[in-house]
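So, here come the structures, one by one.
What follows is chain A paired twice: with chain B in the first complex and chain C in the second.
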Partner chain A sequence: MKKISLANLNELYSAISANYPLYLPVERAGEVNYGYYEEGAKVRLDVLKTVKSPKDCFFPQTEDLMKFKVEGQKIEIIDVREHAKPFVVMGVRACDFKAFDVLDRVFLVDPLDTYYQTKREAGIVITHACGKVEESCFCKTFGIDPVNPLGDVTVWTDSENLYWRANTEKGEALTKELGDLLVEYQGNAVEEQQAKVNEIYAKLPLASLTTESFKNGDMMELFNSDKWQKLSEACLGCGTCTFVCPTCQCFDIREFVTNSGVTRFRCWDSCMFNDFTKTAGGQPRTTQMQRYRQRFMHKLVYFPQNNEGAYSCVGCGRCVKKCPQGLNIVKVIKEFGGKQDA
Partner chain B sequence: MQGLEKLMLEKANALLQSGEVDRVIGWKKGESYYDVSPATFTKDNLEGFVYNCFCGANLSKYLVAESKKEGKMLVFLKPCDTYSFNQLLSEHRIEKEKFYVVGVGCNGHLDMNKVYAQGVEGILSMSEDENNLIVETVYGQKIVEKESALLIKCLTCKSKEFAVADETLVVGEMKPANPNRFEEVEKLESMTEAERYAFWKEQLSKCIRCNACRNACPACTCINCVFDNNASGISAKANADEFEEKLFHIIRAYHVAGRCTDCGECSRVCPQNIPLHLINRKVIKDINENYGDYQAGAEVNARNPLVNYTKADVEAKEVVEGGNK
Partner chain C sequence: MHNVEALIPIIAVVTDIKRETPDVKTFRVVGLDGKKPFEHMPGQCAMISIPGIGEALFSITSSPTNKEYVEFSIKKCGCVTDVLHAIEPGQQITVRGPYGRPFPVETVFKGKDLLFIAGGIGLAPLRSVINYVRDNRDNYGKVAIVYGARSADDLVQLKEIEEEWKKEKDFSVYLTIDREQEKWDGHVGFVPTYAKELAIPNTYTAVLCGPPIMIKFTLAGLLEQGFEKKNIYTTLELRMKCGFGKCGRCNVGDKYVCKDGPVFCMTELDELPDEY
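So, the complex of A and B:
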C-alpha cells in the first residue's frame, strides 16, 4: 500500500489531471456533484453521497448519438462518437461502484451499447472506501462492502493521509506514473478504520434491512398488492429519485432539428414521468401508482429475475435523502416485510 | 409541536366521526422522525398520523386531485399554504365545498440539509421541544437550535395570517413573519448584469431537470405541461445545453407570474438546492413596485395585476429602462 498526506492532495489531482481528464466530486454553488478537476476546484472527497451519482461519466444525462447533414435531397450521417481517450474517475464509493456492474448488465450485453462501452473501457476507476456511514446507507443489504471496494485503485482517507492500493494493471500503471508523489506505507490505519466503520454501520437503523422477502415472492402477487396505492399516494411524479439514482438506466432518444441538419441525442428518462410509456398505440400506465410500482418492481423483482438474482438497487440511499415527499425504496422494502427481527 | 399534533388528531377524529368530512389529508410517520410524507386518512385508519417540525410540505397541490373525488376532506394548512389554497380556488382548480380547512399555527419548519450541515451524523432518533431538536446519534446526543435549521421559505415567511380557514388551531403565540423578505432579491438587484448572469448560470447549471419544482408548485397545474407535450415542439427532457438550462426556469417563472404566492415549495423540493424562489420573488417585487402591492392568494378572485389594466399602470418603457442597470 502507498500513501500521500492530505495536505498534498492538490498535487495528486494536478499530477493525474496532467495526463487524463479527472472526474471527481466537486462543490459548485453549494452542492457536491461529480465534475472535472481544474485548478482551484473545490474537491470534496469527504462527501459520501454526491447529489448525482458518478454514472454520468459512462452514461451522461445527455449525449449526442449522431448528426445528419441535410443538403437538398442528400443526407449525410455523421458519426460523433469520441474515440477512447483514457480518463480517471476518482472518489467512487462502494455502492456507486457496484452500480457500474448494474449498468454493465444493461449496456454491455447484446445489443452492445458502443457509446457506453467506449467510455467504460477508457475509464480508470479509483474507488474511495467509506470512512464514515450515514443513516440512509444500506449497501450491505445488497452484499456490498463499504470499506473495501475494488476498481482499478482503492483509496482510503483518514484525518491525515490518503492510502492508495492498486488493484489492476491499469491501476498499477497509473500508480507508476505518479512516481514519488506516493510513498510506501505499512501501518494498519486502514484496518483500524474499517473495523470502526463496520461497528458504526451495525448500529444504524438500516443495518438489518433485508430483501429476502423479494427473493421468494411471487411476482404477480407483489404486482397486484394493494400496498402500492398507499405507498405511492404522495408521489409527485418528479424524476428526482431516478435522476439521483446510480443504477437507473432509462433513456429517451430525441432530435434537435435546425435548418442545416439534425442532431440525434439521448437523454435520461424517468419511469416516474407521465409520458414515459406513451406510444403511438396508447398509454399502458395511466396512474402514478403504476409508475411508482414500476420503479421499485424493476429494482427489486424484474431486474433480479433477469440477472441471476442481482438487484438493481445498491443501497446508496440517495432516493431516501432526496425525495421531496419522503418516499423511497426503504419504505417499499419494509412494507413488503423486509426487516429481520433484531 | 406534540400539543398541536394532539389537537389536530382530535379534530380529525371528531370530524370523521361526526361525518362532517370523509377523508383527511395530513402527514404520515416514516422510518424516522424527519422522514414524514403527505398522506390521506379515513375514519378507521388514522394510524401513523404525525405533525412535527419536518412537516414543511405544502399540501395544496394534492387538493387538485382530491377535489375531483366524492365527499369532503379535512385539510390542515399552514398560513403560507392557505394562500395557495385561495389561489387554486381563484383558478377554479379546486372547489371550496370539497374541503374543511383547518389552519394550523406555525413557527417554521426545518430543513434536514441544514441539520446535517451542522455535523449531525449517524442519527438514531430525534425529538423536539419548543426551541430545539434533540438528536440521538451513534456518537452521542446533539442539540440543534430550530432557528438555525429553518427552511428557506420559513426564514422569509411572508405572513402569519390565515388567508382562508374554517377554523384554526394555534398553540401559543406565532412568531411574526419576516418584514423584509425581499432582502435577497435586493442583493441580486444590486449586482451588475454580468454578476447576476454569472450567479444564475452557476446555480442553474446544477439543474437536473427532475421537474420536482414544477410538480410540487401549486401554481403549475396544467394537465399537460408544454415541456411534456411532444406536440408542442419544445418538449424537453433534459438540459441539452446551457440555453435550455435557463429556458425551462424562465418560462416557468413567466407562467406563474402574478399567480405565484411565494409559498417557497419550489426551493424546498429542489434536490440541488437552487434558490428558485428568488426568480419568482423578483417578479413579485416588480409587480408590487409597478402595479401596487399585490399578494396572490390573499383574496379569492382578486384581479392579478398582470391581467388587469388600470390607468396607473407603469409604461413598459419605464420598466425596461429601470431594469437595465
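So, the complex of A and C:
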C-alpha cells in the first residue's frame, strides 16, 4: 500500500490529469457532481453521494450516436464515434462501482453496445472506500462492502492521508506513472478505519434492510399486490429517482436537425414519464401507479430474474435523499416485508 | 443480427410503393447494392428511419423466401409514418435489424394445420408467415385464414389474397368487413364472431394479430372452442428505441418484447403482467 498526504492531493490530481482526463467529484454552484479536473477545481473527495452518479462517464446523459447528411432522396451516415482515449474516474464509492456491474449486464451482453464498451475499456477506475456513512446508506443490503471496493485502484482517506492500493494491471501502471508522489505505507490506518465504519454502519437505520421477500416472491403475485397503489399515491412522475440512480439505464433516441445535417443522439429517459411507453396505437401503462410499479419490479424482480439474482439497486440512497415526495425503494422493500427487526 | 454496430443503420432504397388502403402503403426496400438489405425470419421486425424525422420499428411483411427485396406494410398513424407516406420511390431510408424472435415456422409449426386470424394492419406480420408456408407448402398441413377490416377498402394485400392465396392448395381464405358496404358480397361481421362461426377444428395451431380488442375476443372464442393456449400464438407491438433489449422501453415482466418477442405463445403471455 502507498500513501500521500491530503495536503498534497492537488499535486496528485495534477499529475494524473497531466496524462489523462481526470473525472472526479467537483463542487460547482453548491452541488457536487463528477466533473473534469482543472486547476482551481473544488474537488470534494469527501462527499459520499454526488447528486448524479458517475454512470455519466460510461453512459453519458446525452451522447451523439451518428450524423446524417440528407440531400434530396439521398442519405449519408457519418460515424461520429471517436477512438476513446484512456481516462481516469476517481472517487467512485463502492455502491456506484457495483452499479457499473449492473450497467455491464445490460450494455455488454450480446449485441454489445459499443458506445458504452469503448468508454468502459478506456476508463481507469479509482474507487474510494467509505470512511463515513450516512443515514440513507444501505449498500450492504445488496452485499456490497463499503470499506473495501475494488476497481483498478482503491483509495482510503482519513484526516491526514490518502492511502492507495493498485488492484489491477491498469492500476499498477497508473501507480508507476505517479512515481515518488506516492510513498510506501505499512501501517494499519486503513484496517482501523474499516472496523470503525463497519461498527457505525451496523447502527444505521437501514442496516437490517433485506430483500428476501423479493428473492423468494412470485413475480405475478408481487405485480398484482395491492400495496403498489398506496406506495405510489404521492408520486409526481418527475423522474428524479431515475436520473440520480446509478443503475437506471433506460434511454431514448432522438434527433436534432440543423442546416448542416441531422444528429441522432441518445439521452437518459425515465419509465416514470407517461410518454415512455406511449404509442400511436395506445398506452400500456396509463397510470402513475403502473409506472411506479414498473420501476421497482424491474429493479427487484425482473432484473434479478434475468441476471442470476443480481438486483438493479446498489443501496446508494440517492433516491432516498432526492425524491421530492419522500418516496423511494426503501419504502417499497419495507412495505413488502423487507425488514427483519421492524 | 446484421453485422454492423448495433445502433448504426445501413442505407437502403425504397424502390416501389403500393397503396393498399387509404392509410396503408406497402414499401419495397433493397440495399444500395440492389439486393436484400438483410435476411430475416417471419415475425421479425426492423428499424426504419428517415433522418430528421425519427426511427420506428416495423414488422417485415415479405417472406424470407422472397430473395429480391423486403417489404413493409405501414399504416399512417404518427410522425415517422406520416413522412413515409409522403415519400416517392427512389427515396433512401435507413434500416437496421432484423430484430426479435420469429414465429416457430421451422419447429412448432412444421406439419401442423395453421389458422391465421388477422384484423386490419395486423395482416402485415402474418403475411410473412403465410407466404413462407406457401413457399414451403409440403412442410405444413391445411391453412385457414380469417381476415377482417373496418371496410372493404381497408383490407390490405387484397390482390395477393384473391389471386394467389385463394388458389393455393388446401388454403381456405375467409374475408369479412365490419359493416355492410356497396359492391361487397362477402361476409359482414367482426373477426372474433366470424372466426367462431367458421368453427375451424381446434387441432389447428392459431396465429393471431390485430388490434388488442380483436385479440381479446378472438382468443376467448378460440378457448371456448377448445383450442389450447399452447397452440395459440400472437405478436406484440410496444414502443421501442433500440430493438435489442437495452433501452428498457418494451420491458414487460422479465421479458423484452424486442428480443424475447415480438412473437409469444399464449402460455408465455399468461405468465407476464398485462402491460402490452
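By definition in this document, the second predicted complex is superposed on the first by the 337 of 342 C-alpha atoms of A that agree within 3 Å, B and C clash if a C-alpha of one lies under 4 Å from a C-alpha of the other, contacts with A are read in each partner's own complex, and residues count from 1 in each chain.
Rule of thumb we're sticking to: a contact is a pair of C-beta atoms (placed from the backbone, for glycine too) under 8 Å apart; a residue touches a chain by one contact, two chains touch by 3 or more.
Since we're looking at a predicted model, the values are computed, not measured.
Asker: Quick one: on chain A, after the overlay, do chain B and chain C clash, or do they fit? Just give me the call.
Answerer: They fit side by side.
Asker: For the superposed three-chain arrangement, provide the angle chain B-chain A-chain C between C-alpha centres, rounded in steps of 10 degrees.
Answerer: Given the fit on chain A C-alpha atoms, the answer is 90 degrees.
Asker: Let me test your reading of the model: by the given contact rule, A:Asp252 touches which partner, first (chain B), second (chain C), both or neither?
Answerer: both
Asker: Once chain A of both complexes is superposed, is A:Val106 in touch with chain B (first), chain C (second), both, or neither?
Answerer: Second partner only, chain C.
Asker: Scan A:Gly326 for contacts with chain B and chain C and give back first, second, both or neither.
Answerer: first
Asker: Of the two partner chains, chain B (first) and chain C (second), which one does A:Ala234 touch, if any: first, second, both, or neither?
Answerer: first
Asker: Thinking of the overlay built on chain A, is A:Lys52 touched by chain B (first), by chain C (second), by both, or by neither?
Answerer: first
Asker: Report, in whole Å, the shortest distance between any C-alpha atom of chain B and any C-alpha atom of chain C after the two complexes are superposed.
Answerer: Superposition on chain A places chain B and chain C at a least C-alpha distance of 7 Å.
Asker: Going by the contact definition given at the top, which residues of chain A touch chain B in one complex and chain C in the other?
Answerer: In chain A, positions 252, 254, 269, 278 sit in both the chain B and chain C interfaces.
Asker: Any idea which chain A residues touch chain C in the complex?
Answerer: On the chain A side, the touching residues are 65-66, 68, 70, 73-77, 79, 81, 106-107, 109, 111-115, 219-220, 223, 249-255, 257, 262, 264, 266, 269, 271, 276-282, 284-285, 290, 294, 297-298, 301-302, 305-306.
Asker: For a test of understanding, state which residues of chain B touch chain A in their complex under the given definition.
Answerer: Chain B residues touching chain A: 30-32, 35-40, 57, 61-62, 112, 121-124, 138, 202-203, 205-206, 208-212, 214-216, 228, 230, 236-240, 268-269, 271-274.
Asker: Where on chain C does chain A make contact in their complex?
Answerer: 1, 5-11, 51-55, 77-78, 81, 87-88, 90-94, 211-212, 237-239, 241-242, 244-254, 271, 273, 275-276
Asker: Quick one: which bits of chain A touch chain B in the complex? Just the residue numbers, please.
Answerer: That would be residues 28-31, 33, 51-52, 61-62, 132-135, 200, 203-205, 230, 233-234, 236-240, 242-244, 252, 254, 256, 265, 267-270, 273-275, 278, 320-322, 324-327, 330-331, 334 of chain A.
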